[in-house]
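Got some structures for you, see below.
You will see two complexes here that share chain A, one where it goes with chain B and one where it goes with chain C.
Our next item is the complex of A and B:
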């Protein structure tokens, strides 16, 4: 296309008073109109409104524009709005440029003249940039709606139940011979904030009965390759051939382990004291009741919090509640039992939990805040030694001490992470994409992590996360619908590639790979999210970011910093 | 951008003493011939005198007639050895074993290129020697006979004065990370000491039947002494070049005579792009734009991008620059470009405690990233304020 066939239209939005009051739009229109290659410059009160959108659409069509520049608000607000209007009006949406003159000019600069000058230079830069744009086409990809869930604990089951339908098969791979994971072991005492045992059992039964959930017991996932919409999975089954599955998405729900308190001598493991973990109490309660080594029922117990807290370096958050639950259990069975709760911190994550502490205090449970605690003793007595809040060293003699070990990453975490190229956080759990805005997502699109695999949490949170992951998959992986991968991806100019593989080391999404035979790198467009890491790091300039080419950026910057005179 | 903690190679304590009554070159060639005869390697890559007798070229050969003309330590560095080895193994490892005899800075360039996948070191036995420096190439080609004499006199008298500026201040002139190193400095009695520093090096010496049993301490202490002396002369030289180029005006002045021939880029062993950004059309402007810029600034220099070219190359090369001096040797207008790059390279490399080419196992600093440490180190921001991190 030669330059004189360009018909560039510039539309300036007043954004009500937002832009109109802070910028001399008349001067902008007057100055920009003189700029070469600009066909029309128009202003509108509110381009994002219904009438505004209609005006833009009709005007682009009537004027027969080839390129559109809109000077308005942040691209976060309306870049897509106006791109869609361009598309509807027959202009490729990548031959359009949105310029943010609201947040970056009108709202920033008090002096109206200075703000106006900045708007003019921004629009000039945008116009220069758009001249170097190329039409880009949205590609479509076939996908499979089926999902692989790794781990048959409560998070895995919940994901599977939410996802499975007649149009979507779920493959649930469990390394043990039963479903339910840790939550499935709870029967005697249920930690507060958990589902009742009956609900867990019914969820397991539902998963087993669901014809669209295929459970592989005693099986492990050997490899997962591919990308969102198209993963290929190999599952190793006992006494059977490996099975190859095609899925569109993967949910990791590989759970957790508990800190081994015998790794330190602080908790009396190794001495002859009566010390049990919360899980041991659970198991004993399930099989007839809690008794001491000599077969008698304890008359006094100490609940010792934070076993392994210092060793692992973080608070697991849910263990406090499990100890309080145990206090409730003993008080309901033996109202006269003496209970000491010895804690450094008490994690209360809901108003109900605060209330529960008050109730337990009324029932005679003694809560003591301590700074240092250890357990010693012999078969006849168990001694809890601690330093109280005043710095005094004290001891309590009890029949039984119960400790709540920290939640630590599941043993399979490194292997699963390596298989999928997921990152692991400082503590060894899977790392979420973003703590707040993507707590169940990973750096690999289409791969989700739920439950304790991503960090300590209660059953309710695990279930909620499983539902969130399922919801995300349901909304994006619709049976029969094609996927629309990112358009503004990177591409390798093979003739310039030296094969140094720097791009492979810097890609966060695993989109770049090295072709050993042709000795060049390549970008998988289905995985690439257009972040530009590879582009910036390629010393040879052999990778181009579509829509952010060096030429486009160079010309845009050059125009932005040029003098205010019309440079052409 | 993690710091490399183990950049320093450990100096081996023992070597094999080989008689060298006729000098270094015949003794080393003798050993290389044994290597070929025994089949340990099939060919040797080394500098061979060109037929016109006025320069050296890298030759891969096993022929005696060519080995006769070889000089393992020629007076000049023509093509940087790392570049020669790269052109040989860029497209994959050699299936046959070869030996490459190169100066320490050439070995270091080769190691950097291996990290950048531009050299495959599999089946390559790297042999280096204590390097007395190299003469400026222009001085040599003007009068090769005198050049040979000047070089051998300088080596005899431990005189670095006639050598190139970067050689005079070189602090990595001895063992770096080859498989085998030829020690000469501090080795007395018409001998050389073959010091193996890898399993490959050891098995080669086994193959050619020499015993590694001579104490190498007189050599290593001589190297240590010389290195200290070089460090102080380097410090002085760096201060001078920084003074000369400090500030935009001075820097621009030093580079103002650049004729944009890009020789420095072409001869640089680690400048490995297929096509330089500055030889692409990305930063070219339209005639109108040049006119407008000239009007705006009062004047513009054409062709453009002299400063940007050097700064761009500097930013690309600074982590891997081995201060080999090739760029300065190739500069037709005598810009002290190697001295500038070396001074800047030292600074940026020391930020990451990285010495390019010292160990094949040290990753390129800009390819690795440690969130906690680096945010603290570089940005002075703690990635996890609650937990804190080592450097606080």
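Our next item is the complex of A and C:
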């Protein structure tokens, strides 16, 4: 656009008495009207009101404006309101600038003349800025509603079941030959509480029977490239060619491992003491009952909490309940069995759990709070050594000690993270996009992580999180609906790019990439969120942020400084 | 109609659910009991585990709700009747008269000063005063004042007071507005009515309301808040800065018989608050359980382990007045102990909202033994209530942290969308 085609309109809102009383608007109009390139300057009592909006719309059209500057309130209040009017009036909304003269001038400065000077300076800066604006258009992207789920445990199954429909196909890739993961192995004692193994089994059966879920067994996802709405996936299958899939979103549900208690001698794994993990008990219960090495049934057991907690550095939050489940199991099979529960904290987090603990106490289970615990012994006896709450060292002799090892990150986590450029936290789990509002999201838009892959949790929480990921995808990836990527993205000026790749390292969203052949970086506008990290870090000034270009900002600042110098 | 969804409660859970539903093209009716959206998060300066600024997390979402054309927000409103079935509910909502019109009011606040009535502000836990025409706190959204009819001279006493109306330059105040009842047709309902804190006032052993240096958790939140009555300065009611502070965790647990992980971690936030603002104060943390579940809470807790904080596990505790301050008596490891303090902060457990049983009855959904709305946890459907088409999310379903509340909002939206299909609103 050449200079002589500017038709800039400046509209000043009085905001009732809010701006009118604190600012000499007559002087503002008079001063600004003399400023070059300004076509009209008008004031209105309340631009955001119905009549105010009508006036603005009609005036922009009648005057045939090319650029609009509105001096009014905070952009948090009405930036969008006036942008929509510009759009309706045929002015590209990016050729408009809102100046906040209420919060930043009228309500801040008691001296009317000083406030008026500041308003003039702000408007001049805004007018100068808007002259350097460019029209920007909202782009639309096609997308596929189909979803890839990586991992066929209970979390992956739940996401798949919630997502699959006649309009949306789900590809479920499982590295083993069966669905269900860890939860699917339970049928003796676990899962804990009132969850039954049947509910897990019915979910597995539902997933297998669902015509809109395609399961790839013994398969591995080799690569995922693309962005929300348009990912391309390569799956390696056994005895078959690799298959290429197109999906709009990805759910990672690769599960967990258990802490290996033999890594330390605290839990008796270096001795001949009788120690079993919860999972070993579960497997034995499934296949005929829990017996000791000599074939006898234990007459006394100790349930030792928090195995591996100090080593991994966090509480898994589910082990307590699994040990209580074991206590229930033994008490129902052998009412006279002696059970010692040795814990640091025993948390009653619901009325049901509180009731269960008191029931177990009634049945003779002895609950002891300890500060330090270890397991030792030989083939004849197993000794639990602990320090009680008063600091006294004590021991209990039992036939069997049972531990519930901590939940640790799944073995596939690093490979999947590398493939998708996801971050991993200090413990080795996938890292959340945000601890509170993005606990099942990742830094890559459209890629979700659910279940124990993102942190230790029980079956109910894993399923809940799987439903959350599905809900987010259902909300945002509607079949037939186009996606609207960010308009104010960054762009690389290739002639200035030296190929240093700093921009690739600083981008949190994976939007920047480097072309090895052409030796320049580029920004994928479908992924870019316009944060400006790459712009600020580029040592060659080769990246431009649309709508926040260096020129726009400098011109705005220069004018603000110049005008404030004049007015003193 | 098929596209309409009712969301009850505009805390973080209801906001998240509404935004996701609206984003998918549904029409959302968001019904909120109070005059503002944001729920309990509005009261907090910071939220844990990452001690992030609460407003910074919440405000963009509040703005999104107010600006979203697919969300119709009904504040000062209560759902009073429901009939029909999943996919076809008819809902009656009582909406209180908006004497201040949101369409005309610009939120300048010119009407507050002339109002002759001044009463304790409940939002600020009565640590400051408000007028009969007011917004509960600076930054309230929507930024539109309401008239407290029980306190207003005109409505409560029949006086011919028009001071607020006269002060409004935008003619936004109309005393002749009437309460109204509206009828909505929706295909699904998401209940996000949240929680409240256990109130220890009736339990005299804590001295709340009697001993001036004893503060409830919400009073302390407001005292710490930079938009609160002291603008964030930790000053006691007698205008002094506390030097020795006792934080009592798990208040109410012995009455209820259980605690929640979030309530166990909540007072740790106070320890972080205190060490942040009062570096030299001596702090005694009396706890019962310390449940630190999941990978993120340990780091949060570890940051609270400062040399000026002394942790002790208590069995029983009581607070009595002593001079200007308080004497906290407790039992630890079987022996009686006591400590003098010039500030006592009570951190209670989270309990269901007053009125939850009535709402459950009206909606025809079951309640759990805990008093929260019952979800089908055993059926691995933690956001499904006993009634088809009605879902529950956030603390209305049971005490939980923000992350889990936001997760449940998303899960509930998923179930709503999979039930009412992928039709796009025209």
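We take it that the second predicted complex is superposed on the first by the 413 of 568 C-alpha atoms of A that agree within 3 Å, B and C clash if a C-alpha of one lies under 4 Å from a C-alpha of the other, contacts with A are read in each partner's own complex, and residues count from 1 in each chain.
The definition used in the following text is that a residue touches a chain if its C-beta (ideal position, glycine included) is under 8 Å from a C-beta of that chain, and two chains touch if they have at least 3 such contacts.
Predicted model, so just to flag it, every value in this text is computed and none were measured.
> Taking the superposition on A as described, I'd like to know which of chain B and chain C A:500 touches: first, second, both or neither.
first
> For A:313 in the superposed arrangement: first (chain B), second (chain C), both or neither?
both
> Have a look at where A:152 lands relative to chain B and chain C in the superposition and call it first, second, both or neither.
Neither chain B nor chain C is touched by A:152.
> Quick one: classify A:530 as touching chain B (first), chain C (second), both or neither.
Touch status of A:530: no partner.
> With both complexes superposed on chain A, which partner does A:470 reach: first (chain B), second (chain C), both or neither?
Only chain C; A:470 stays clear of chain B.
> Which chain A residues come up in both lists, the one for chain B and the one for chain C?
313, 426
> Which chain A residues qualify as touching chain B in the complex?
313, 426, 495-502, 505-506, 519, 537, 539-542, 550-551, 554, 558, 562-563, 565, 567-568
> For chain A, which residues are in contact with chain C within the complex?
15-18, 46, 48-50, 73, 76, 80, 158, 162, 165, 167-168, 194-196, 199-200, 203, 313-317, 345-354, 389-390, 425-427, 429, 432, 435-437, 439-440, 455-457, 459-461, 463-465, 467-476, 478-481
> Touching chain A in the complex: which residues of chain B?
Residue positions touching the partner: 91-92, 116-118, 272-275, 277, 280, 282-283, 285-286, 288-289, 292-293, 295-296, 316, 366-368, 372, 384, 387.
> Taking the complex as given, what residues does chain C use to touch chain A?
16, 20-21, 23-25, 47, 49-50, 52, 57, 63, 67, 103-104, 106, 108, 110, 169-170, 256-261, 264, 289-299, 313, 333-334, 368-370, 377-380, 382-383, 398, 401-404, 406-408, 410-415, 417-418, 422, 424
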